[in-house]
Amino acid sequence: METDKSYELCRVRERAAPGGGLVSITVETTAPVAAPGQFAMLRGPWGDAPLLPRAISYRGAGPGWARFLFRTGGPGTDRLARLVPGDEVAVAGPLGNAFPPAKRPWLVAGGVGLPPLAFYQRRFGGTLFWGVPTASAAAGLAEKSWRLASDDGSLGVRGTVVDLVAASLGELVNDAMAPDAIMTCGPYPMMAALARLSAAREIPCFVSLEGKMACGIGVCCGCAHPATAGVYVHVCEKGPVFPAHEVVL
Amino acid sequence: METDKSYELCRVRERAAPGGGLVSITVETTAPVAAPGQFAMLRGPWGDAPLLPRAISYRGAGPGWARFLFRTGGPGTDRLARLVPGDEVAVAGPLGNAFPPAKRPWLVAGGVGLPPLAFYQRRFGGTLFWGVPTASAAAGLAEKSWRLASDDGSLGVRGTVVDLVAASLGELVNDAMAPDAIMTCGPYPMMAALARLSAAREIPCFVSLEGKMACGIGVCCGCAHPATAGVYVHVCEKGPVFPAHEVVL
Amino acid sequence: MTVDTTVTLAGVALKNPLMTASGTSGHGLELAPFFDLSILGAFVTKGVSMAPRAGNPPPRLQETPAGLLNAIGLENPGVEAFCAAALPGLATLGIPVVVNCFGEDPERTVAAVEALSRETAVTALELNVSCPNVKAGGIAFGTDPAVLRPLVEACRRATAKPLWVKLSPNVTSIVAMADAALQGGADALTCVNTLLGCDIDVKRRRFLPSPGRGGLSGPATLPVALLKVAEVHRAFPQAPIIGVGGIRRGEDALKYLLAGATAVQIGTAILVEPTAPVRILNELVELCEALGITRPADVIGAAHPGQS
Amino acid sequence: MTVDTTVTLAGVALKNPLMTASGTSGHGLELAPFFDLSILGAFVTKGVSMAPRAGNPPPRLQETPAGLLNAIGLENPGVEAFCAAALPGLATLGIPVVVNCFGEDPERTVAAVEALSRETAVTALELNVSCPNVKAGGIAFGTDPAVLRPLVEACRRATAKPLWVKLSPNVTSIVAMADAALQGGADALTCVNTLLGCDIDVKRRRFLPSPGRGGLSGPATLPVALLKVAEVHRAFPQAPIIGVGGIRRGEDALKYLLAGATAVQIGTAILVEPTAPVRILNELVELCEALGITRPADVIGAAHPGQS
């Protein structure tokens, strides 16, 4: 599933700001087509500060194009959000590994952990669960087939997406409907809860880690994350997707 | 002629890029109306780099508005050039002193030294001379009444604006037409030549200095320029306009 | 929630921990057209010496990535002219007035301290032993503990006012310098002055600013200055510290408090934005509210393990 | 105009003065997907030690204004694994391979130097005596001339390869450290490693990166590093210097040459933009053309008065 990495200046083709602080940009690219779970390092032409590129997962990709969806709020994402069609943005990607294939995956996204899983579902299918604080944070992006949860009940069921997944597992009428893998991306406590839930039911669970990154390409050793085996893994090299039991959450 | 200083976030009302790397922006302001020769420190909302605001002379000003004209090419002016109507820009101004009143002033601008003198002419009249390398550097901004010189003869007469001024002085039919002051802004060698020319004819000469500035408001002592009296003057406090004989050119 | 911003710094009550940094706010009321200076915790003047100094030739400034190199060369009108022209205006502000001072040698340093101590309008003295711009001056005092301690002792004897010593970051061990200053009798330590640096004009093949090097300030330096504050606080938890270096936002000011500073100074940010202290104070208060900090004074040093 | 970019650095011929900086370009061919590494003047590896090291817990990185704090903790696979896994690939590049190495104490430092010296694929060794991240390690060697000199002497005896010593900027006098390294037998000096600094997470009241401090790199540090190069060159005009710190553009590289460096290393810029060395080399050549510099080697130190 891994593809060749590349670094190029890409032209922004589309930009959308659906709300909730979310921004989506689509760029033209000659890089290999990314797989769901992979990410890119993005940086605009803004001089020396902010210095580092930002790691953003692919929300979609096809021959000649790639799409990203991110939440603004910090200096890097705020600036990326100001890019308009025609602007150039530096893209190193596709980087990292991808979510593995599965027959009946459950894809569980928390907040802005959505992009890689929405991309996965679009390409391979699966049942997508999405948890957000409130309806406004979802910015109308939720698709019909998705199963939704929000803290205040303004979108889908009230509660956390972990509760929703737990309840859904409980409601399963037969084992044939049970997920053969749970793939998740979102806040660490959420992913940790899902990992426990999956372990209890012996369902393989894959988590996508977010660690602070500088290079994203495996040269700086900056994105170390504690592995259950003892030492550290580099999220950008061996991940960002890991079997849940291999990493400390 | 000095007015109260202020610092405010101003909205950009108009932007024009006539060519030759020149950009003009007009902002809405509640600051006192600037006088020709005064300048402002401009900075857009771009984080920590480039750090310092840029000193730019007023090209025009009236109740509620101010206009600037600058040449791009460095990190600060390039970014200022990207401002579009609706954007905010921080403006400290009006700063410094102004060109003095005169009855028949000759206003001699070199390149992007034009703004304060074009502003002066618009408000008080006088004969404006403008020297540019080529017609393209003038970007069609030259007005009919101006007397022009260009290095390659593509605009006005061929030669330097100093040659043009010297020739014009020589052609004067009577003393009543002679300038009672020469005001100049442009490269130092040009201003130095004009200062010599004026001194020889005992015409008062006023130069507008460009020194590197940090604050522009007299707090950092950074803009020191050697004065003929021995020590230094602070361009932003006592200038930018000085009687030519008071400063070392 | 109301935030009580008062702090007490080596016996001086400040209504909030924000001060101007020396050299970036003029000698007197130059900033007054831009904001009400009396909102400051204290006003710190540009450095003054016994005799007037003309300063360095241009270029004195060079912009660097997120930073500024300066080599003003300690230009100042001298103690006498300063006291006559600038001090009376500062006295009307009703806030502590701290005069930054220095001398080209120990005698002249002590003389400046003595002269300024006679002025009732002066609340405290900040001794600049770290200015990197004058070869004969600051640099030697501020980089050798054996030179610094006797200098501070002599100044201590010369004044009954609170004596702050402003340390240089350009040393292997700032803790050794802090120790010398405290042993010498400093009431508080200002940490830190500018980092030494230079730039080069590649066309002219010339070092910049004009003396061939200058002092680096601004956001670029914040991580270095912040660590110096943390090191001094760790070594001398009781020593009052004024943190300075690269502060541009309320969050930056809070970082310095958490590292162990009782108050902070704002320098280059004022050059960038003359009203910076007003904004930074507002941001600090809002941030404290958001974080549930009712008294910033309560969190001084709180980032150190075992101190929060 | 064609520009002859070759330089000779302490006996090693480089086709151009650009190298990677240690720790920002991987141990082996990690950058190869992005550009043809053989265009480099030399490749410098991440630091290796005799025994493998796991490095520090996260967070290891913190972005700062125009800078980056890192506390990787010298993570590396150890000399043996490095020589087996990474070195053969590097050897195929056909450019000088410089191995950055260190040890937790003098014995282990010498052991690493010895082991690496047996590898024919290794062109030169760069001794990291300045890494600020390992308490027991680099910091002591690199900040005391009396400790540095015997260490360099011991390494000098242990290798016949060119020995470069990478100096720390976190000292009162880099000239004293350069002197010690040269006296100890260093063939060249790499100036400089990262500046010590820290940041603070105000919400969690925690120092960043994880050990409480880290090494600052990137454009923010260029003025400081450039001055160190200038100081060392002024003191030891014959000593070959490799300049490093904040280089992002061809113009930055030229500044280092004018200050006295024979070659330069590119670190953080590679993290920001993996192909940075390609662009910087192009920019350097174009700039030399524009300025009429036919051989960059001719302008080494040319910013110093009396040298151009």
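Things worth noting here:
As written, the chains take the letters A, B, C and D, and residue 1 is the first residue of each chain.
Here is the rule we go by: contacts are C-beta pairs under 8 Å (C-beta built on N, C-alpha and C of every residue); 3 or more make two chains touch, one makes a residue touch a chain.
Everything numeric in this text was worked out from a predicted model, so none of it was measured.
Chain centres computed from CA atoms place A at the largest separation from chain C. Taking each chain's centre as the mean of its C-alpha atoms, chain C lies 33 Å from chain D. For the pair chain A and chain C, the distance between C-alpha centroids works out to 46 Å. As a whole-number value, the distance joining the C-alpha centres of chain B and chain C reads 36 Å.
Counting only residues that touch two or more partner chains, chain D has 65-67, 218-220. Each of residues 47-50 in chain A touches at least two other chains. Judged by the touch criterion defined above, the protein chains are all mutually in contact, each touching every other.
Taken in their complex, chain C has these residues touching chain A: 65-66, 219. For chain C in complex with chain D, the residues that touch the partner chain are 62, 64-67, 69, 143-144, 170-172, 195-200, 202-203, 205-207, 212-213, 216, 218-224, 226-227, 230, 246, 251, 254-255, 258-259, 287, 291, 299, 302-303, 308.
The touching residues of chain B, when paired with chain C in their complex, are 4-7, 43, 48-53, 90, 92, 211-215, 217-226, 231-232. Against chain C, the residues of chain A that register as touching in their complex are 47-49. Looking at the complex, you find that chain D touches chain A at residues 23-26, 30-31, 33-34, 46, 54-63, 65-68, 70, 72, 75, 218-220, 248, 268, 270-275.
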